[in-house]
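Across the two complexes that follow, subunit A remains constant while its partner is subunit B and subsequently subunit C.
For the complex of A and B:
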């Protein structure tokens, strides 16, 4: 077996065998089922309140409380929780081993430090992908199984957009891809902080603090904030919503993806640069 | 004999603190080399530099004649180590941990090879237990298994006796001697206990405050020809007179009330006891120590 594949396999085994890896799956399943239960119970009433304001403009017919709408709501709800769940595992990958001391064994194998960081980062991405798969299964497929399929009434900054049911699957596919790219930024930032810090909690807390601060900056329409907003990855993490606009803002989506990808490259590059020079003293 | 480890003017600074200062030493292939020093003397920092865990501030480290900075991966295939306390993945079993290390070295171990490895370190029957249930001594044994898993030419053991019970210490000593004599392994063995090194090492280097204090063959450095002999007598005034007239007068280093200190060979001690008895000098206590032992005790006590 190739040396890199061997250490990647080791990292995946460690991720699979660590009990903390399963907390994220449990949280996602719980939140999805909780929201689905609540919407099953009270959803129609809630939606009638929302659609009442459009009654004098148009008539709403058919099943609007459907799996697509529930999935859209779940994804909006998990915008803060998903990065936290990713950071919970990826933020600990290097720093956790540094604090326990097992990093010494890892770094005295023939594998280079670059390969070790990249293997850890990749295993973090695989974990992120599985988190999103679980989210997709629970938020989209289980919701569709419970509530059925129908047109999506998507509320966004431009107003209300109706996406027809036969035009939605590819949008969900791309939305999850952009969500994966967004969470890859979080995983890469966690890996960088995990390389810099020597205990397992601080990188996780720091990632969350950065996301909260950037999100707050993004919430306020102020000139001083407007200058930096385009450069914050959190601004582009919500670009998956643009896939549910009509017409599709392709240029904006592509630009956001490029910026997110650039963040991944910078964070991973910085992680490798720092870790290659790091003295393992504990 | 070729060189397994060669350190030339190796220095490591952590900001203003000099942890290792222009260290030079060489470990010949096939040797068991003792690396001694009190806690905080720079032993672990030096071993971490040899294992590429810490980058030296200056100087050169060569293993098997190759620069560590340039050929780390190739070198690490030939080196096994325990650096300080062994830490494993507690949520995995001992065998699963070893599988990770075997895979990292691109080894495909058979079940029989794992059995032999666990038998060698005395963990047979516990290999499927989670490491988090292991005592420190068992982790130490597992650390030795991990150091040996890829059959390295050079084995670096940083205070490997820590946490081992007396039987474990004896087992480890025998294992080190077997690995050296029967399999020709070179071993660098660090300790802050001189007697441990004395029992198994052929050469040694003593460092303190990041600098080499002394190095050479264990038998020469711990020779019985040059001992510090401490003699405590009942009647010191008479003893002083008698000893001043003896052959050992020139060997006396100091006298402090009842205690006389000599610098002499071990072979002279019985004759001196006889001489004092003949002159009715009561001996309260006599002990002797090699001067290096004496020095080492001083720095380790400090």
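For the complex of A and C:
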């Protein structure tokens, strides 16, 4: 166990020391602050495009443009970007060391290959967790500080769902947990590809390509795509949105979480399986 | 005995007059309205609006003559543009702006009501036609159907209890026709949801808002600042 913790500590230090690890934090902070600034300036105008369709019938009273709505919009905006930021760091954890040759030194330690892969995967998850924490701080808490707290007017293709402010914190908590599970799938896929490939860029680009392709398939309403959509992890990655529906589709959320967890197990299992049998020829 | 017959005859003739004459009914109503200079009450609002899911919410309502009105609550809520709480008394009180006729009688919640049509006399008024179902025995507005130029038609049903002498209902059921509120898939960023059949999207559906009042405090002369206080 001490051996494993030492490798994990070593992996975490490596992640902290790599400058690229901080790009993700910077990108998140920039996107959040940029969107908050834009909404502060033009938010009411943008919302009027939604409220225009019932403006002649209803007066909508209360503070619509509040921190909860901004956080909801920011999270939606980052559907595609967040996995890329995770892949950017986790994609070369093994392949980067393979390409530089430093993996040989790592493999001379008494730790098993399984422990090495799991430690790298775990350090990737810790990074993902911090990325989400930064996102939570900027998207939720900074937005609330700027725009105030209020009911969330969640927009989905079915219409509007108003979630009361006193019923929302637990939803955000679970939403971030599901987001963590979703990004864990990306981290696990990156780890798998990183074990398979021998240079540091290819796994990162491959993960990004897979996510872009899957997301595009998810966007189109075509019968041929409908067959494969349930099997794409990107379909389930945005199940956090279901927490802002009323009534809560608990079965769908649980099913999506189970599918995401299964992906994590399969990708990590495959990564260990492959890495244990891999010839290090570099 | 003679006096009794005389009194009975007077009362009967007044009742008959009240039933047939819309002005008399409105006059009686306005008398009741004018007893109320201001009120506050607790309000519970429940919503059933096509395309909008929202839970019931509680708040406090403030009213001052002639038409200052506010619901103070924490959160987002929808009210019709034609607010019956604000408009009804103001509309009927200005007797010079409309003409009224009785178009028939109907029993509403076991009470015989005259259907009083209010037709505006000036084109500048937003109102197109106001129909008021007024209880002929004890003048109270039991039901309304108000059509305006800008906001379509809305119907209300009023339920009275302890404050009927002030024409203050314990419950107002508002019904209005609206298209289902829909958000585009791209705007909602609902990428994985299947697009629905949009052939019925322009069909009008009925939305219902129920306002339930309790703990009325009438003519307490509360401060005007209540209308401006933060939630």
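Note that the second predicted complex is superposed on the first by the 278 of 282 C-alpha atoms of A that agree within 3 Å, B and C clash if a C-alpha of one lies under 4 Å from a C-alpha of the other, contacts with A are read in each partner's own complex, and residues count from 1 in each chain.
Methods note: a contact is a pair of C-beta atoms (placed from the backbone, for glycine too) under 8 Å apart; a residue touches a chain by one contact, two chains touch by 3 or more.
This is a predicted model, so every value here is computed, not measured.
**Q** Which partner does A:19 reach: the first (subunit B), the second (subunit C), both, or neither?
**A** first
**Q** Touch check for A:257: first (subunit B), second (subunit C), both, or neither?
**A** neither
**Q** Just checking: does A:9 make contact with subunit B only, subunit C only, both, or neither of them? Give me first, second, both or neither.
**A** A:9: touches subunit B, not subunit C.
**Q** Please name the chain, subunit B or subunit C, that touches the greater number of residues in subunit A.
**A** Here the partner covering more residues of subunit A is C.
**Q** Contacts for A:246 in the overlay, against subunit B (first) and subunit C (second): which applies, first, second, both or neither?
**A** second
**Q** Pick one for A:126: touches subunit B only (first), subunit C only (second), both, or neither.
**A** It touches nothing on subunit B or subunit C.
**Q** In the overlaid three-chain picture, which partner chain does A:106 touch, first (subunit B) or second (subunit C), both, or neither?
**A** first
**Q** So subunit A touches subunit B in one structure and subunit C in the other; where do those two contact lists coincide?
**A** Overlap of subunit B and subunit C footprints on subunit A: empty.
**Q** Could you list, by residue number, the parts of subunit A that touch subunit B in their complex?
**A** Going by the criterion above, the answer is residues 1, 3, 6-7, 9-10, 13-14, 17-19, 100-102, 104-112, 277, 279-281.
**Q** Where on subunit C does subunit A make contact in their complex?
**A** Listed in rising order, the residues are 49-55, 57, 71, 73-81, 83, 150-152, 176, 178-185, 187-196, 231.
**Q** Considering the complex alone, what residue numbers of subunit B touch subunit A?
**A** Listed in rising order, the residues are 14, 45, 48, 51-55, 72-74, 76-77, 79, 81, 83-92, 96, 100-101, 103-106, 146.
**Q** Can you check the complex and tell me which residues of subunit A touch subunit C?
**A** Within the complex, subunit A contacts subunit C at residues 49-50, 53-54, 56-64, 76-77, 79, 150-151, 153, 155-162, 164-165, 167, 215, 218-219, 221, 226, 229, 235, 238, 241, 245-246.
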